[in-house]
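Below: a set of structures, written as structure tokens.
Here chain A shows up in two complexes: once beside chain B, once beside chain C.
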Partner chain A sequence: MNLLSFPFFIFLLILTILYFLVPKRFQWWVLLAGSLYFYGCSGPRNLIFIGITALSTYLAARRIESLQLAQKAELAARKKELDRAGKAALKERYARRTRRLLILTLVLNFGLLSYFKYLHFVVAQINHLITTFGGAAIQDTWQLIVPMGISFYTFQTMGYLVDVYWKKVPAEKHFGKMLLFVCFFPQVTQGPISDWSELTGELFTEHDFTYHNFSWGLQRMFWGYFKKMALANALGVFVRHLFAHYSEYTGIAALIGAFLYSIQIYADFSGYMDIVCGFCEVLGIRLTENFERPYFSKSIAEYWRRWHSSLGRWFKTYIYYPIAMAKWNQKLGRYMRDHFGKAFGRALPASVALVAVWLTTGLWHGASWGYIAWGGVNGLFIIFSLWMEPIYEGWKQKLHINESAFWWRLFQVVRTFVLVTLIKVLPEVGGLRKGLGLWKQIFTNHTIPTNMHMLVPLYNRSYIDTVVIILATVLLLCCSLIQRRQPARAWMQKHIPYPLRLVFFAMLIILAVYIGGAYTGLTGGFMYAEF
Partner chain B sequence: MDELMEILEEIDPDIDYEKETRLIDGKVLDSFSIVSLVSQISETFDIEIGPQYLIPANFNSAAAMWKMIQEIQDEE
Partner chain C sequence: MQNFKQTLRTVICFLIVFSLLNAAIMEIYFNSERRDYQDKNDRAALAGTLDTLVVGASYAKRGIVPAEIDKVLGTSTYNLAHADMTMQARYEMLKIEIARNPVKLAFVEVSMDSLNLKPYDTTREGDLYTLARLESPIERQKYAFTAFAPINYGWLYYQLISRGFTDLKYWTQGDYISDSVSHNRGYAPFNEKKHYKAKLSPQHEYHTQIREQYRYAKNVKYLNKIIELCSKNDIELILIEVPMSEVSIARYANLQEVHDYFAQVASENSIGFLDFNLWKEKTAHLSDLKYHDATHMGDELAPIFTEQFANIVQKYLAGEDVSDLFYPDYDTLCSDRGYAPQQ
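What follows is the complex of A and B.
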């Protein structure tokens, strides 16, 4: 069910009415029924795969917890007879069983994800190797339809399983609650990737209808629809055209296209987040935020803490820390510290973990060399900054740079935005080769554009649309500036009279429908749903 | 506790560890610092800090870290 479609609004309306009509203890059942219906609309077959993930995780988590409790009970019962070595052996015996169960469930679920997402890519690489040596290629005739949101729900659910294994959270006893955690419809297609405690704390709490939640939630939804339909979709047409024909444009036009793409993807993804967070707010449910004005970041590492932060947090918790703190990695760090100094000892374990994080982040986004290169370049910048930090500090002292000075912070923000934009386009032009071609065009074609059409592709398409895109971008910037100090809605409530606020939101809707209606069919759905 | 304070001072001497109670939540320490911190604590106190202990509550203040170290020592 498309979030931009009329049936979706009817679905939200019915769900909201039912949610507040049923006795409060049944509210989560309404969410579960709604989520299953929503997910079933993507194809009933997909329910089987999400069902496998939910059931396998539910059973594995229960078993892991029961083994952990059995270990505790046995340790307590045999406290007097066991010495230190005996206790360690007993712990190891249970640890082996829980670890085996964990690995089995991870392999099953990540296996399913890999099968759907990476089979074609792997076969293509194998074929490339085979044909290089003169062999016959494997016939890739598999027709795979990737289950909706599999990258998002698999990561979220596996995070929960590892948390149970690490004894961070208890195993859920009610399968219905587990199923809702896996398939909660506002986040199943594009996240946020929540952790168990924060999401279930909201889902299974009883909520009252309040006018404040209703009004603020709707405002945020309107803003999200405006960002997606009036800005992202309209920009999408410009960007798609330029990326398909970048060789016909000058370097400056290609650079403008890259910047427009940065605005498009932010408006698209954060617009989606505003829609789903806004709807959840109507119900009284707070979803994890995924964005914190990422284009105001002062470094690439900071940018990734503020862009799609729930995914970054997942990688940090389940890949970065376990690798950075693994015994072998820590030993390596100590060796480097003893032989090459403190800075090396600090940077090496983190760098090893960052390589793993960024390669998997690239692969998570898509099965292509473009995404792997994109992840690699991001990782390279972050690792390079980490190693260069002591040298940068020295330079800053020599040049007497005041880090809190406005011009220095502005320089850092602009530099990060430009870098992020250039890295971002790499996989998006249609493969790594074309992405590098766009870079080449930007850096080597210094021809001055002779008319506006050559500077901004499709400039002549519609004068009004261009004006709306510029206004919407300025509005987005103003909103981000306000959000530095307080939520934009609180600011509006304080500074803008009620009738004007009504006019403002009415304008957002009119523009979303007017502009977005014309472009939606041309640009497709949400961009992150493709991941 | 003195040994812990020495480790913390080495990570970043500009932070007032006696008073600071939001080292993680307030983004005072980043993930790179945490990795060095955990490595040094593990080495100094001869303990293994598993991923389950890597929650903000255990690293928000020097007192919380000290409590975590004692818990791990008791468990081991």
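What follows is the complex of A and C.
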């Protein structure tokens, strides 16, 4: 069910009415029924795969918890008879069993994800190798339809399982609740990837209908639809055109295209988040925020803490820390510190973890060398900054740079925006080779752009469209600036009279329909749903 | 309860503001005079003077010149046709003009697809044009709710908003009422001189295609309502087929079925039916090379055809038997003109 479709609005309306009509203890049942219906609309077959994930995780988590409890009980019962070595052996016996179960479930679920997402890519690479040595290629005849949101729900669910294994959260006893955690419809397709305690704390709490939630939630939804339809969809037409024909354009034009792509993907993804977070707000549910004005970041590392932050947090919790804190890595760090100095000793374990994080981040985003390279370049920049930090500090002191000065901060923000934009386009042009071709075009073709027909896809309908798109971009910037201090809605409530606010939001909807409909027939899909 | 009341108040206020803004944008489209069908001001100015009306789809819009009819018949004619005009729209437009004009004669163009356009589906573009020709918001709302299916409301909303913004652009450019769009009493020539060059010969195309002939109940209902409306108002009603190119006449194997259906309707209701595809002198006056495309006449042909059409109608109205001027059926036409393969 497309979030931009009329049936979806009807679905939301019915769900909201039911949610507040049923007795509060049944509210989460309404969400579960709605989520299963929503997910089932993507194809009943997909329910099987999400069901496998939910059931396997539920059973594994219960079993892991029961083993942990059994270990505790046995330790308590045999407290007197066991010496230190006996206790360690008993713990190790239980730990082996829980670890085996954890690994089995992780393999099953990540295996499913890999099968759907990476099979073609792996086969293509194997074929490449085989044919290089003169062998016969494997026939890739698998027709795989990737289940909706598999990347998101697999990560979220596996995060929960590891948390149970780490005893951070108790295993859920009610399968229905587990199922809702896995398939909660506002976040199943594009996240945010929430952790168990955060999401379930919201889902299973009883909520009252309040005017404040209703009003603020709707305002956020309208803003999200506007960003998606009036900005992302319209810019998408232009960006697609430019990326497909980048070699015909000058470097400046290609760079403008890359910047517009940055705005497009932000408007698209954050627009989606605004829609789903806004809807949840109507119900009284607070979802994890995924964006914190990422284009105002002062470094790439900060950017990744503010862009799709729930994914970043997942990688940090389940990949970065386990690797960075692993005994072998710590040992390596100590060795480097002893032989090459303190800075080396500190940076190396973190760098090893960062390499793992960024390669998996690249792979998570897509099965292509372009995405792997994209992850690699991001990681390289962050690792490079980490290693260069002491040198930077020295330079800053020598040059008397005041880090809190506006111009310095502006420079940092612009530099980061340019860098993330250049990295971002790498996999998006249609493969790594083309991505590098776009870079080459940007850096080598410095003639003044004369071929302004590049603007044709934007301009071919009416200059009013262009005005609306520029205004939308300015509005997005203003909103981000306001959000530095307070939510934009709070600012509006304080500074804009009620009738004008009504006009503003009504115009958002009208312009979203007008521009969105013109460029994508009203139903352009969301970019992050592809990941 | 307080929350609910406050919510309700806000929702109502928002809906009012939203509706007003939408109405304002849509009105820009409804009041524009840029397109050849946006003629309500012209029609309003002529109210009380029209005695002859033509309704139909684009074949009639592009093929019938009211001035030519008036020259021959001494009438005051208006061509109400527009592209993709549905039978419901033909009825509604006739009803409006009959109510404010002393109409004595009406031509309803019933070309081959007039009854088989699927209501609520393939007709939506035409119904959108019709909406822009209705004068009051109430008329438009009434028409919208009867002509469009709920599944098309989203499409309709987008179209109206989009056209409103497009016309806003023309308005800001001072081109809201376009001089380049001629409102010749409803006749709109295909004047870009991009004439249809019939590359294929009628012999080569002979009976290679069949037109869908399912007659939708809604279309038939409105045809009957037109007949009833004219009969109630003492209006001479003539069903007409505007001539297609020779290639098209030869191409479709089942034109006779269409003809027979309307002939039967005409006979059952004692009204006229003139199928100008069967007009014997057609090829002498209307060359395929001067057609705009396979079914629409170009600007050079329309006055020539209308003059001949009016001459025949004049004879018909005078009570003369005009059947000699037409082939009795399509088989005879095709065999006489050498389109049918030799036996």
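One rule holds in what follows: the second predicted complex is superposed on the first by the 517 of 531 C-alpha atoms of A that agree within 3 Å, B and C clash if a C-alpha of one lies under 4 Å from a C-alpha of the other, contacts with A are read in each partner's own complex, and residues count from 1 in each chain.
What we mean here is this: a residue touches a chain if its C-beta (ideal position, glycine included) is under 8 Å from a C-beta of that chain, and two chains touch if they have at least 3 such contacts.
None of these values were measured; they are calculated from a predicted model.
Asker: Once both complexes are superposed via chain A, do chain B and chain C end up clashing or fitting?
Answerer: They fit side by side.
Asker: For A:L502, is the partner it touches chain B (first), chain C (second), both, or none of the two (neither)?
Answerer: Touch partner of A:L502: chain C, not chain B.
Asker: Kindly classify A:Y514 by the partners it touches after superposition: chain B alone (first), chain C alone (second), both, or neither?
Answerer: second
Asker: Quick check on the superposed pair: does A:S42 touch chain B, chain C, both, or neither? Answer first, second, both or neither.
Answerer: Once the two structures are laid over each other on A, A:S42 reaches no partner at all.
Asker: After superposition on the shared chain, which partner residues are touched by A:A350: those of chain B (first), chain C (second), both, or neither?
Answerer: In the superposition, A:A350 touches chain B alone.
Asker: In the overlay, answer first, second, both or neither for which of chain B and chain C A:Q71 touches.
Answerer: After superposition on chain A, A:Q71 lies in contact with neither partner.
Asker: Between the C-alpha centres of chain B and chain C, what angle is subtended at chain A's, in steps of 10°?
Answerer: About 160 degrees between chain B and chain C, seen from chain A.
Asker: Quick check on the superposed pair: does A:F6 touch chain B, chain C, both, or neither? Answer first, second, both or neither.
Answerer: second
Asker: Please state the minimum Cα-Cα separation between chain B and chain C in the superposed model, rounded to the nearest whole Å.
Answerer: 34
Asker: Mind listing the chain C positions that touch chain A in their complex?
Answerer: Chain C residues touching chain A: 2-4, 6-7, 10, 13-14, 17-18, 21-22, 25, 153-154, 157-158, 161-162, 165-166, 168-169.
Asker: Any idea which chain B residues touch chain A in the complex?
Answerer: 10, 30-32, 34-36, 38-39, 42-43, 48-52, 54-55
Asker: Spell out the part of chain A that touches chain B in their complex, as residue ranges.
Answerer: 166-168, 301, 316-317, 320-322, 324-325, 327, 330, 333-334, 342, 345-347, 349-350, 353, 386
Asker: Would you tell me which residues of chain A are touching chain C in their complex?
Answerer: Result: residues 6, 208-211, 214-215, 461-464, 499, 502-503, 505-507, 509-510, 513-514, 517-518, 522 of chain A touch chain C.
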